[in-house]
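Each of the two complexes below includes chain A, the first together with chain B, the second together with chain C.
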Partner chain A sequence: MHAHPARPVALALAGLTRRFGALAAVDGVTLDIAEGEFVTIVGPSGSGKSTLVRLLAGLEAPSAGRLLLRGRDITGLPANRRPTAMVFQSLALFDHRTVGQNIEFALKMKGVAPKPRRDRALELLRLVRLPEDYYGRPVTQCSGGERQRVAMARALASDPEILFLDEPLSAIDYRLRKTLEVELKELHQRTGKTFVYITHSLEEAMVMSDRIAVMRAGRFVQVGSPEEIYRRPVNRFVAAFMGEVNILAVEGGVLSGLGLAVPDAAGPFAVLRPEALRLDGGALGVEAEVAQTLLLGSRVQYHLRAGGQALIAEVPAGGRALLGPGDRARFGFDAADIAWVAE
Partner chain B sequence: MSRVHGPWFALPVGLFLAAFFAAPIVIVAWYSLMPPRTFELSGALTTANYRAAFGEGYERPLMWSALGAALTTLVCALLAWPTATILHRSAGRWAGVVTALIALPIFISESVRLFGMSLFLMPGGGILAGTLNALFEVRVGSILNSRLGALVGLVYIHFPFMLFPLLLGVAMVPADRIEAARDLGAGRLAVFREVELPLAAPGLSIGCLLTFVLALGANAEAAILGGRAVTVITAAIEQRFNYAQDWPMGAALTVLVIAVTAAVVFPVLARVPLDRIIRR
Partner chain C sequence: MSRSGPLPFLRAAWIVAILACLYLPIVSVVLASLANSRYMRFPHRVWTLDAYREAVGFFQTWDLHLISLQIAAGVVALSVALGTLGAMAYARYDWRGRGLFRRLLVLPVFFPQPVLGLALLLSFTAAGVVPSWKTVVIAHAVWIVPIVTLVISIRLFGYDVAQEEAAFDLGATRLQVFREVTLPALWPGIFSGALFAFLLSWSNLPLSIYTSGPDTPLPVWLFSRVATNYAPLVPAIAVIGTIVSALVVLGLVGLRGALARLR
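Showing the complex of A and B:
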């Protein structure tokens, strides 16, 4: 679980634990986050990711473990004295204040004079691509996407060393969310800051992150690049969490549901991505009957039955006529497409 | 046919307000312009009563009432803020019990409660002084029959009228806004000033108004716990109407109290989003 070797560690989590009674919401989490890295902590609800980010921001005190910011122990430092900032799931904008007053809040707390405060706020409005005349507008008059940007600007105002983002896009509709994901990624590149992003959506994590930590029951199950997590999940939980996937039990080197022998079987379960099953080629293959055809746009998803085994295949939609329910075809794949997992 | 029923539905309340709110004010205001010590509404209009109000020393009881009401409001607010915050955030299932304990005395006659307080504060053999003397051999004086006694009575009686609106006010402060302020570097005092106070302001304003207006018109606290240490304006008005049989003078003093009340209430009410409180 080591950070990018070439960059210094910005934030080190060492055995961070938070117990609520008998339950450990965060259970001994260890991770080094590199300077300028975009790390996403992803997990289902109840996995402890929100508690974890509250520990990082100082809104919650850990029961055990340490937190080091650029080598300095900040475990006991309260939120208002940590040089980090957080974008809340609810955004938590100050509705009784204007856009400008919201953005300037952290600077006001630092005792910065009104004039430089205002200059910085206008600079941030430009950074998050909001018109400068929004400065005097009540935040209650802003749309969802604009509020999102105000929250980002507010968190960035005091030039925090790390930015925590706790599912800030979860309340936003799909199309706007896609736009904001890209903008957030750009903002990360423009500011060069370390971002720690919390989400339950793998899709979001994949688009934005340098590294993803998959969390389950208070622990990190796997930490790695989006590609590593996608191609080499460590267990069935991670594999299934990363989207629709075929998980096949293996007995004696044979994919038991399909009755298909595979060379070099390296685990009791084979994970096969839907896009690995294709209509042409592949050293291995199964004769399958189409149960359902779902056109997703550029790709088409087939729900298949092969013997007693249900399979999902996803192939490019162009080039050939779609198969319909009841059609039979050979779906091929290679042994290299399989990710083997132990549990 | 008009489909707008509003005016008709409002008629009963309108009649009620006209008969029991507007009419008495008009009568009192009219009486205040009658010649002194007359009992008719048909005399020649005069401002003699108002001139007398400021010439014969009535500004002192008016001042005591206003000061007492202002101090009561301040002390109640200072006591009720932490109470409301604790009840809302950390009292858990005890919140209901404590709230009920604070609310219950409202159902007991104010005079009974004040006489109870009087027994409690009685010097020598009073409950407080007697107990301290018997158990700890500590001798204490008494604030009974003093201005402080009257103020304690005012705070004691009016505390719930500050607390309950303030509970609504404190409930209007979302916890995540407080956390956001802390995260952005605000200490305790800054969180209070920048977030809690402005967001709870509607409830606090209503509480202050209720407390101030009720305390301004209060009489029993000063009479029972204050003794003769202080004469409040309501006592002076009562005395004009009853013993002095000078209704126009009493009416003029009443109009002055109403004017003070209006001067405080209207500016505050204009700034309070009542809709927002009620919808919560």
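Showing the complex of A and C:
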């Protein structure tokens, strides 16, 4: 679990633990986050990711473990004395204030004079691509996407060393979320800051992150680049968390549901991505009957039955006529497409 | 809806009728205060401001007001302090017994006030406390604190507690969080709560009558003088009392406006 070798460590988590009674919501988490890195912590609800980010921000104190910011121990420091900032899930904008007052809040607390405060707020409005005349507007009059940007600007106002983002896009509808994901990624590049992002959506994590940590029951199950997580999941949990996937049990070198022998079987379970199954080529293949056809735009998803085994295949939609329910076809794949997992 | 026809006229007449019913008793008190006879007969033979001259010169008029104002000020301070804390505990934290707290909280409101007043007097006597305007403050608080707590807690529903954490995360101290985030969010509730507390205390008779001892709040004096020894002085002092309370309310509203402009 080492950070990018070329860059210094911005934040080091060493055995971070938070217990609530007998339950350890965060259970000995260790990770080095590099300067300027975009790290996403992803997990289902109840996995402890929200508690973890509260520990990182200083809103909660760990039961055990240490937290080092650029080598300095900040474990005992409360949130208001940490040079980090957080964007909250509910955004937590100050409803009775204007956009400008929201953005300036951290500077006001620091005792910065009104004029430089205002200059900084206008600079941040430009950074998050909001018009400057939003400065005097009450936040209650802003749309969902605008509130999102105000929250980002407010968190960035005091130039924090690290920005924590706790599912800030969860309450936003799909299309706007897609736009904001890209904007967030751009903002990360423009500011060059270290971002630690929390989400339950691995799809969201994929788009934005340099590195992803998959969390389950208070521990990191796997930490790696989006590609590693996608191509080489360490277990069925991570594989299934990525979205729809085929998980096949292996017995004696044979994919038991399909009755298909595979060379070099390296684990009790084979993970096969839907897009690995294709209609032409492949050293291995199965005869399957289409149960359902779902057109997803540029791709088409087939729900298949091969013997007793249900399979999902996703192929490009263009080129040939779609198969309908009841049609039979050979779906091929290569042994290299399989990710072997032990549990 | 058509603007012509009898409908707008009927609607206006209905509103006027309601307002007339509301204000007629008050107008009658004003009319009664303009007589010079202790027997109520209308129209008066002589219209005079004598009762007001007497009331203004009568030291007890101002004594009554002072006592009632003292009590109301005490009740406002006590009920806003307790009401704010109670509302925050109720609306912000999920704790065991929270539902029970809510039910117990409003119970005194349903209790008949004369009985509550007597019960409080018995309790004070048992505890060896001599009744005075201070015991009235306690008695009023028993009845008014629940109401103020409810009024303030209405403001706290839909209040995102994460705002306080956000302020803390942005470098505010605990005190700054309260001043910059919690108080502004609560302020409208606290203000309405204070107004309620003042008006309910100012006009309360059944609790005061039992618990005031030698001190006489305004409503108690009015009640006893209407029952025995009536004179136009009584409605005159009632009118002065109404004006004083209206001025206090207007003053509070003006203060609120001035504070809002200051922010």
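The rule we apply is simple: the second predicted complex is superposed on the first by the 343 of 343 C-alpha atoms of A that agree within 3 Å, B and C clash if a C-alpha of one lies under 4 Å from a C-alpha of the other, contacts with A are read in each partner's own complex, and residues count from 1 in each chain.
The criterion applied here is as follows: a contact is a pair of C-beta atoms (placed from the backbone, for glycine too) under 8 Å apart; a residue touches a chain by one contact, two chains touch by 3 or more.
None of the values given here were measured: they were computed from a predicted structure.
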| item | value |
| --- | --- |
| Combined model on chain A: chain C and chain B, fit or clash | clash |
| Chain B versus chain C as contact partner of A:94, first or second or both or neither | both |
| Touched partner set for A:67, first chain B, second chain C, both or neither | neither |
| Touched partner set for A:158, first chain B, second chain C, both or neither | both |
| Chain B versus chain C as contact partner of A:85, first or second or both or neither | both |
| Touched partner set for A:272, first chain B, second chain C, both or neither | neither |
| Touching both chain B and chain C, residues of chain A | 57-59, 78-81, 85-86, 88, 90, 92-94, 96, 105-106, 109-110, 154-155, 157-158 |
| Partner chain A, residues of chain B touching it in the complex | 174, 176-177, 179-187, 190, 194-195, 198-199 |
| Contacting residues of chain A [partner chain C, same complex] | 57-59, 78-81, 85-86, 88-90, 92-96, 105-106, 109-110, 154-155, 157-158 |
| List of chain C residues in touch with chain A within their complex | 160, 162-163, 165-173, 176, 180-181, 184-185 |
| Contact footprint of chain B on chain A as seen in their complex | 57-59, 78-82, 84-86, 88, 90, 92-94, 96, 105-106, 108-110, 154-155, 157-158 |
